[in-house]
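Just below is one structure, and these are the notes that go with it.
We just call them A, B and C in the order they show up, numbering each chain from 1.
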């Protein structure tokens, strides 16, 4: 096992450490990394000179495990990747399997999947918002954000049985129909949340201290964003128009009208604003769909044992953090030959070195918070 | 560009590729010696403009080791799949595309970690997730470990 | 012994006379000093307990939750339980730390805050020392605290502690200037540094009203600088949990950590009470000036019914509440933004403010 004295050799800091440069370990346990991520920072005074992330602390070998599981069982494991967008991960695998089998799901399923997607996105951005405030020192916003998120989780629990990890999708449709109160509760929540979001804008976004700490910090240019594959709100804040919902629509996204939130400045403040704006867009999408859910089955007829025809299939969805992709190679059996998850946080993390170079440690916290990393997604 | 146009264009760049199509996606097979050249051309040619590398996957095909690249264009929104393979299972080595798309730095480390495929000219070729002194490459089909629970 | 709640001088003088008449002067002095020392220790501990509980309750209500409510009715014994826990914790000894300095650091911080309390008047005649350089003494002595902070960071043999201590030291030393200059503004108005004279001079209205514009500016600057002095609120980068663990007191455990913790709350109490004394009149009730004529005199009589001690505690409590409000609302400032605020904004404003105040006093344009 590597010990601290070998850090230099391990990390192969190419440039010899200059005068007054020293190494600090932001360990796997740290209140701000939001997961088990180890960052070895090389600092000069307060300025960050290079960052080496060490991943793998929560590597569970999901891809290898999936090679022995059937497609219905894989759904349950995908929840645990980026657990804050669990529903979208499930949907990706289901859509991939449905595409491979050429199954057409009922309209009702598409609408409900999209509504749950957007609710999940709201819950995820809400949690991001409150932990971002907490990282920067505004501890009260943590409680306000969680209070509202509880309402969304209650809606989930009623219909799907799970608050955070739902496993509600299955190839062909949904596991069960939604609760009869679903429509009413969602409408109540939207009207409640529409009043709350401006309050949060005033409390945190308009605050001078926050603006000073995030404007101009952590710049990511457009070429770098595309080259590093930074997608999601982090990439869109740099000008990379990568919203999968707009450019490669799936489920009911081609029936709704919403704006793709793009800013060009690429700093922490605009990554922050991109997410807040996305919350408004999510509410708009839900409002357009919630009254028009068509009646019908909640699932198409599927065989109990699913075998995908031989071949390769790729499906992409827009999770709260970026483009989540599922690549399945099948050899005709009931388990996949190889399954690969294209994780958005993996690519977002790879850009951290470039984004945070030559900024201070305190800025690193703000930058890490604005990239919104969820570590189990990186490590799979 | 439609799949037909893409196919023509790529064949003019590098005639030795083998292109198949499945479910409206083009699969371009290339030998590993020409990989870097083709990848660079795919990014730099104006009409193709594949500037967004979505995913790099390693696959163990039992007789050979394959690496699959999913490429997308932020301008034209067309997706293709570039594949290359090497029959050498002892010391597989493929050229790195880090200098073309920087996201490959992490992806290639992951492929090395799980399959043992080395990438030439990679700036930092070492394991990513597993310990540095881990023996073996877990995602290979012939990986044996007494700690794995067999189903 | 005459004991009047409105005027403690008679009480203290009678105790003094009783001691000196029955014992040789040397022993009387020793006994007096012991009594005062014990009284202050008790006060210190009590205020610490109350403030910790108050902070937790205030913070909880602002965050839409209840706070401690299990230990005792409304959770009032929570702090006692916490301190018993801290007393029982293992004292972890660091391998390569400088043992003497490591143990000395918390004591320096406590002693500095202890000495500063001594000069503050709690009610008429109720203060330990009444220097003629009262304010000067308080400012000088409370700056000793920074030595304790730097020692703590250095002797812990830990990079995080060192960085935290350096930041903290730079912050405290910078904001000393603003604190001193804003108090200087009021000294210009009052004409004396002796705290009891300053309080008496507010007989016809608190300085924040009589000194109008420059006094209000000085008050605002003082509140900002004092919050930064005590490492609280939006200026608590040095001990921010989400940044570098706990800053300069990372390596302290058990009772030594309790000292730092307590010293922080006492510092908050001290700066709030200095602000209350200097700007808001200390133990002087709210009086209307001669401008208001006989209606003012009646109002003053009503105000005088409330004992001065209650006025003092009320004002200090209000200012402490404002400081807590700051902490739980705003995000943190980065260290360079903190120092920029002081050197580029507060300091020039302060200097100009003193000039304005001096001009106003010369011209007699205050109330």
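Assume a residue touches a chain if its C-beta (ideal position, glycine included) is under 8 Å from a C-beta of that chain, and two chains touch if they have at least 3 such contacts.
It should be emphasised that the depicted structure is a prediction, and the values quoted were computed from it without experimental measurement.
Please categorise the chain-chain contact pattern as a line, ring, star, complete graph or other.
It is a line, because the chains touch in a row without closing up.
Could you pull out the chain whose C-alpha mean position is farthest off from that of chain B?
C
Could you name the chain whose CA centroid falls nearest to the centroid of all protein CA atoms?
A
In whole angstrom, what separates the CA-based centres of chain A and chain C?
46
Can you work out the whole-Å distance between the CA centroids of chain B and chain C?
Taking the average C-alpha coordinate of chain B and of chain C, the gap between them is 65 Å.
Once you find the CA centre of chain A and the CA centre of chain B, what distance in Å lies between them?
That pair's centroid distance is 24 Å.
Note which residues of chain B are touching chain A in the complex, please.
Within the complex, chain B contacts chain A at residues 22-23, 25, 27, 51-55, 57, 59-60, 68, 70, 74, 77, 79, 81, 101-103, 105-107, 110, 124, 128-133, 138-139, 151.
Can you tell me which positions in chain A touch chain B when the two form their complex?
Contact set of chain A toward chain B: 1-2, 10, 12, 55-56, 59, 61, 63-64, 68, 99-100, 224, 226-229, 240-242, 247-248, 311-314, 316, 323, 325, 327, 329, 337-338, 340, 342, 346-347, 349-350, 379.
What part of chain A is in contact with chain C in the complex they form?
22, 24, 31-32, 46, 133-140, 142-144, 147, 203-204, 207, 209-210, 212-213, 360-363, 365
For a test of understanding, state which residues of chain C touch chain A in their complex under the given definition.
59, 62-65, 159-160, 163, 234, 236-237, 240-244, 328-337
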